[in-house]
């Protein structure tokens, strides 16, 4: 079964690659905020965003590679990626992460 | 028998050193036993030696080194052994009465016997290396003896000085002996002595000779190393009498005699040895005149006599050797008795200062008589033994062949030696026994105990006997000794008292007259008592040693100032140098190649550059912002994420997972640590330093990049293919990375979890009892976070499930014990963060330490099970169970090992995090550091300015 | 069990360490902890002796972990050299444990566990035949050493520890970089396999391989405190507790061992372009390092620092000996390596006795005076150790040094002898000064009285027994010098036969698996 | 891609070494962290850069280096990550303790200049 | 009592079972047994972390609530996207104190989450007395209307589920 | 028929992916563009979350489409994301409040101040 072809490539695959670029650009924008700040919560937010976009990029990569092997990594980021945000925020709030 | 002679003193020394202080009498008896039995045994060997036989005793020790317990008793050794034992015996008797109540007698005798044994070892050694061994032992034991009264600064200093010089000489001797052994091909004395021509012809000869002579000159107190001897006089007098007249200082000249066949015979030998000997002779004799201390005078006189002996051996003629050996014996007898007399005087009057002594002949007539006779022997007065050897010396000095200048020099030295010798002997006698009575002494002097005087008497009798009946008394002994050195080339010599009126006799008479004139002339011309002598040698030595110490301190403190920055800098520089050297040496090769490799690159994957920007941007921003630590930590998170994503993109899901999890834990660690550290780094003042470090970092970075690139683009051949192929059929795992971790390279993982567990233990050990205080604290109670807490609570059981999932699947899909362990630990950490440590630990009490221990044991158990099947550690087993209902269940024994990993990782992580999170506060420090003004916190840095 | 002999010296202390964690509770008391520690210590010692005896026969035992052929898995390699090092470690460990049992083990949390794991790490480093596994066991050994050094400590010890730890982490990172390059270029991690691959490296990739191997040598030299990377050592060893500092005496030897091992396998005469790789740099550095270490001995204001510099000096001497390149010199070096481990350990312990006797107040040699109660015993111990370490006869130091000097090839005499003899001389001077000050000075009366009133320092039996054990080992080494040097000679010969190693490793077949 | 990764490693080393040579314990630890990233990436790249071929065997695909990337460096990196984490943990704790015990976070536990101390307000 | 101890939370046990089966991605007898075992073992263990035991009431409104939530998420995301891409000076952000009627902590948590997930609002803090939720509004037009809307759409159903 | 369904499914997936791209982009764009933290907070925490949710959904569909191991378990990721996103947002907002960022002086281009108003019942802010 063949799907829609664009420029000789399946549309869906082309779309995946295109979305990967968009997500890549999104990551760069996250990086901009991470490096630029200006405030500390901004940087934390940027790191959080980077994590979330990384999940998307991973899943897209999995689709692109037609492999389910990236599932575990994505799962772990989704499940535990917020830990960084939590500890950093907690540190900002109390200057101590475990009280 | 020979071995016994050598062994007895050592054994007895050991016994004595272990004896308690109160066993004075017993110790003296035991100490006396050594020389007595030694002499008896030696007497047993005497006939054989006299017949010219060389008694040998060979026992292997370190054949690889050529070092053997090889003993060799020829005439020379026999003479010296007899000397050492006989005088040693007398010294023991003397010391028994000399030592005071407060002196540790067993220890003294212990050291003394140690020394005696070492001396016997030197003289009977049949192997050059063995000789070195005993040589250094004499240095060490004499160090102990000189420092016997260690409470006294001068004793310590004298001992140190003696050891520094003589042990240093010993090291030179080691070098010399090794060289000789190398030239000859053996260290056995027989071989070495037989190889004289070979040695002289060797290009190494000058060096070997120099090294040996260094040892000789230091040991025998030759100029310019002579100065240690007077300072060694801080030792108890028996020590001086023994070591510094009869025994140790003679070891040097003994060595000259010993190696005479091997080393003598070159111009170099002649000029150096006789030159140094002559100089020493004059320096010692001249200085002796101006000493005020009895022992000082005797010490300088000893230096002078040793110079004489050295000079004789330097001359190298057979007759000179005879004279030298003869003088060794004579000097030993009169000088030992004089030292003992000096000791008696010191003992009875409490002083050895000739300026305070005088008129003692009235108080201790016998001692006085003995001492006067011995002094006359020292002065070389006829009918005493000193005269005979002196005359032989004069005769030799006059008959030097070779350079005329040398003949004149030696002859004049000989004459002056006679003059000075008479002068200082006269001073000794006159200042001590004649004139006005002793001044300012504590007690009325009287004769010492009979047995203390006995050794002196024996020796003085010997002086007389030799002086009057030389052929009868000393003839055989000397003859035996001379044959020991010269073999069959013994010259014709006569030991008569009267040789008729000849030049030597006239020189002697001139010397006597000149000496008397000199002494009284000096007394008249300048007040001898007011002359203050300084030892230039000692001064120079101290200056040099101090300079050495100062140099050492300066060097060390400048270089090793304990700075960690410097330490790391050197490491980086060494690494850069090591990596750069081959690249630069391989010159354009690699770089040129790089160009072609670059050209061969296709279009870069654009997404790779996104990651690159993420990585490089975060890394550089961390660098730029490092002074604001919290910001740097946040930014560093970007780099960590980039690394994880790189792993994912490049086909390494396991790595990505691990990196992500470790990243989170590291972030938590950094923040936990930051709580107790200043929030920012102070600005750096030195631009130069920053530029330097930046330059080094740049070079290092560029270098590693270059290496990495070159590596990635070069072809190679790896064993990985075989691992891939054998992973599934033989290790029953589809996730090859995990299979490597638990099977192929399970031992690495085994070490790795050990490291991990130990890290937990170390952190626990460091923080368990620590009382810490945060930099500054937030005011107010902990903030409750009910909403996140509630959400995290829902997450927790689910994360547990994921953890188990990752563990079970790890062998066939990304996951495994390590990842699963962290997946269990991280959510628990979140609980700590959100709920607070106390809240969690009160409900969820875990002994993380035992968790680590249990994990290690489980892992080991998993690895050891294969022993049952006769296969090595960590061999994986596999079983496919077919259970009803459930069906096919694959079981790999590697799972047990992985379970151990799981436990260690979980336990270790939680141990670290919980310890860091639950530190006990130090009230004192907290009060000191205070609170944060929450209104003044900067949103940019999070710090309160 | 004999088939598993090579792994026992690693496994037994590992189990011992884990087991120690279960008896740490107050409920069990110190006694039980010590019993556990000694059971495993003695078992390890027995295993080490058994291994030594087996290795002495001349067979290299290869132990294929996981039953994989050596090229795929990890192989343990017990030849004479490894067995000697393992035995040295075990003996030293026993002495250190004895010393620690005089009380330090109670004050340092997790002491016994860390101690056993440290032994396991050392044994692993000496036995492994895999370069990455060597890294892993380096780390085991190091992290345990951090714990031993710092557990129970405070104050300056922490900053000294930070220096030590940071330096070692940096060096380990370098190790990893080098390993990455080595695998990336050569495609194997097995040392024997690598020796063939290095020798066969294509000319164009040689500079790269050399860079990688150069980094590796830098790491080994750093761990062995070779000039200029010795600056970390004095502080670290000075601040460690005595029993631990004594055990550390062998830590620098691991670096030396590793470079010897790698040098003999990879840079032997058959290595072609790589023959003798690195020696042109290492040997001059060692000579200079020896000189600086001797100066350090002279300059040392504290007894511990003095001993630390002696450790540096001995490492430099070893680099010189191994750099000479002849089997005889290597054999002499091996003998010296064992000797210097024992004697340095003994000196650390003696230094601690004296310091403890006076409390921490004055550890400056210029003021330090041994308390009367321990002057005699400690003094004798110091004397013997000093004689040995300075290379004076008749103890093992003399034989070691003489053996090195004797084995120096004629062409190298001109620089090697002056270096060794002059440094020995400086060491004699330094030790004499320190010893006569500490043990002979009775001190100002006031100070003595104050000290006497303050603490009544007594010599504990276990402490003296530990030192006595080490000194006795030194004496035994000099009495048994012939068989020992015979052994090291054979070990050196064995090291030279690296192609044979490769053959032997390849010919060692798994028990069950196909090769 | 090789160029990207190699230069990325280089930048990590640059930043890491610079921070390694700083005088404050925390900065040094940051530097060590960066260096360990670099080391891990370098070891990893020893297996060469391959996308889309993770070494998890799939049925029906022959297990060789053509179909899967080299798994060995990955295993090595895993070990390396874990070990560097353990070391970092110890270093951080030591930095804390040193700061607490010696009242300074200078790596040598002593402030180099009093001026500087005044500036930092301690 | 015993049941409570051994099976502290049936919904959680069920969730775990489903979760496991989803992850394993195959329903075999072995997997089901394993899932059941996990569902039994984990909750009592995890329950030790619970600090507040909140009741769960009727589950009837759950599907509808989720549908509403899904719709709101999508719609308000589009709204926010429009604002983000549009002129910034038209955005009127503000903090609003949202008075809570619900007292069940799970309910409050769910409400706070919903508020955060539907763009336009972020729940920023819960007052100590749990009477107010501080929310940040991306673009505030009418505070009262917003509060009323949240109450109607989310808080009411949640009060049924978590009484 | 099958072909038509296939193409329809494919188009749906493409739309889903485009939607995902849009939301992820908007989230990141908002992060870059907006002028103040509390405004920025809205964009990524939710737009991106939704975008990722769409990707995950698409992924499930895509794997079903190409027949390579369809995995509903990827929905679990979405579930986790939706549980954790509020935690993050909540804590970040709290962090910003702790730094008193609500009291910052107005930034240029920002028409309105975002002070936390007093609580309606008169309690103080510290009660937050």
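Which chain is which? They are A, B, C, D, E and F, in the order written, and residues in each are numbered from 1.
FYI, a contact is a pair of C-beta atoms (placed from the backbone, for glycine too) under 8 Å apart; a residue touches a chain by one contact, two chains touch by 3 or more.
By chain, UniProt protein names: A = K+/H+ antiporter subunit F; B = Monovalent cation/H+ antiporter subunit A; C = Monovalent cation/H+ antiporter subunit D; D = Na+/H+ antiporter subunit C; E = Na+/H+ antiporter subunit E.
Remember, predicted model here, so these are calculated numbers, not experimental data.
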| item | value |
| --- | --- |
| Set of chains whose contacts include both chain E and chain D | B |
| Each chain counted as touching chain A and chain C at once | B, D |
| Far-end chain from chain A, centres as C-alpha averages | B |
| Which of A-F and B-D has more C-beta pairs touching across its chains | B-D |
| Approximate Å spacing (C-alpha centroids) for the pair chain C, chain E | 61 |
| Distance from the mean Cα position of chain E to that of chain B, given in whole angstrom | 74 |
| Distance between the centres, which are taken as Cα means, of chain F and chain B, whole angstrom | 70 |
| Rounded Å distance, chain C centre to chain F centre (Cα mean) | 58 |
| Touching two or more other chains - residue numbers and ranges from chain F | 29, 41, 45, 49, 71, 73, 76, 80, 83-87, 90-91, 94, 96, 98-99, 101 |
| Per-residue multi-chain contacts in chain E, two or more chains | 19, 23, 112-113, 123, 128 |
| Sites on chain A at which at least two other chains make contact | 25, 27, 39-41, 44, 46, 67, 69, 75, 79, 81, 86, 88, 90, 92-94 |
| Touching chain combinations (by label order) | A-B, A-D, A-F, B-C, B-D, B-E, B-F, C-D, E-F |
| Residues on chain C engaged by chain D in the complex (per definition of touch) | 132, 136, 139, 143, 146, 150, 154-156, 158-159, 161-163, 165-166, 168-170, 172-173, 176-177, 179-181, 183-185, 189 |
| Chain A-facing residues of chain F, complex | 2-3, 6-7, 10-11, 13-14, 17-18, 20-21, 24-25, 27-29, 31-32, 37, 40-41, 44-45, 48-49, 51-52, 55-56, 58-59, 62-63, 65-66, 68-69, 71, 73-74, 76-78, 80-81, 84-85, 87-88, 91-92, 94-96, 98-99, 101 |
| For the chain F and chain E complex, residues of the former touching the latter | 22-23, 26, 29-30, 33-36, 38-39, 41-43, 45-47, 49-50, 71-73, 75-76, 82-83, 85-86, 89-90, 93-94, 97, 102, 109-112, 114-117, 119-121, 123, 127-128 |
| Contact footprint of chain F on chain E as seen in their complex | 19, 22-23, 25, 73-74, 77, 80-81, 84-85, 88-89, 91-97, 99, 112-113, 116-120, 122-125, 127-129, 131-132, 134, 136, 138 |
| Footprint of chain E on chain B - complex, ascending | 784, 786-787, 789-791, 793, 796-798, 800-802, 804-805, 831, 835, 839-840, 843-844, 883, 885-887, 889 |
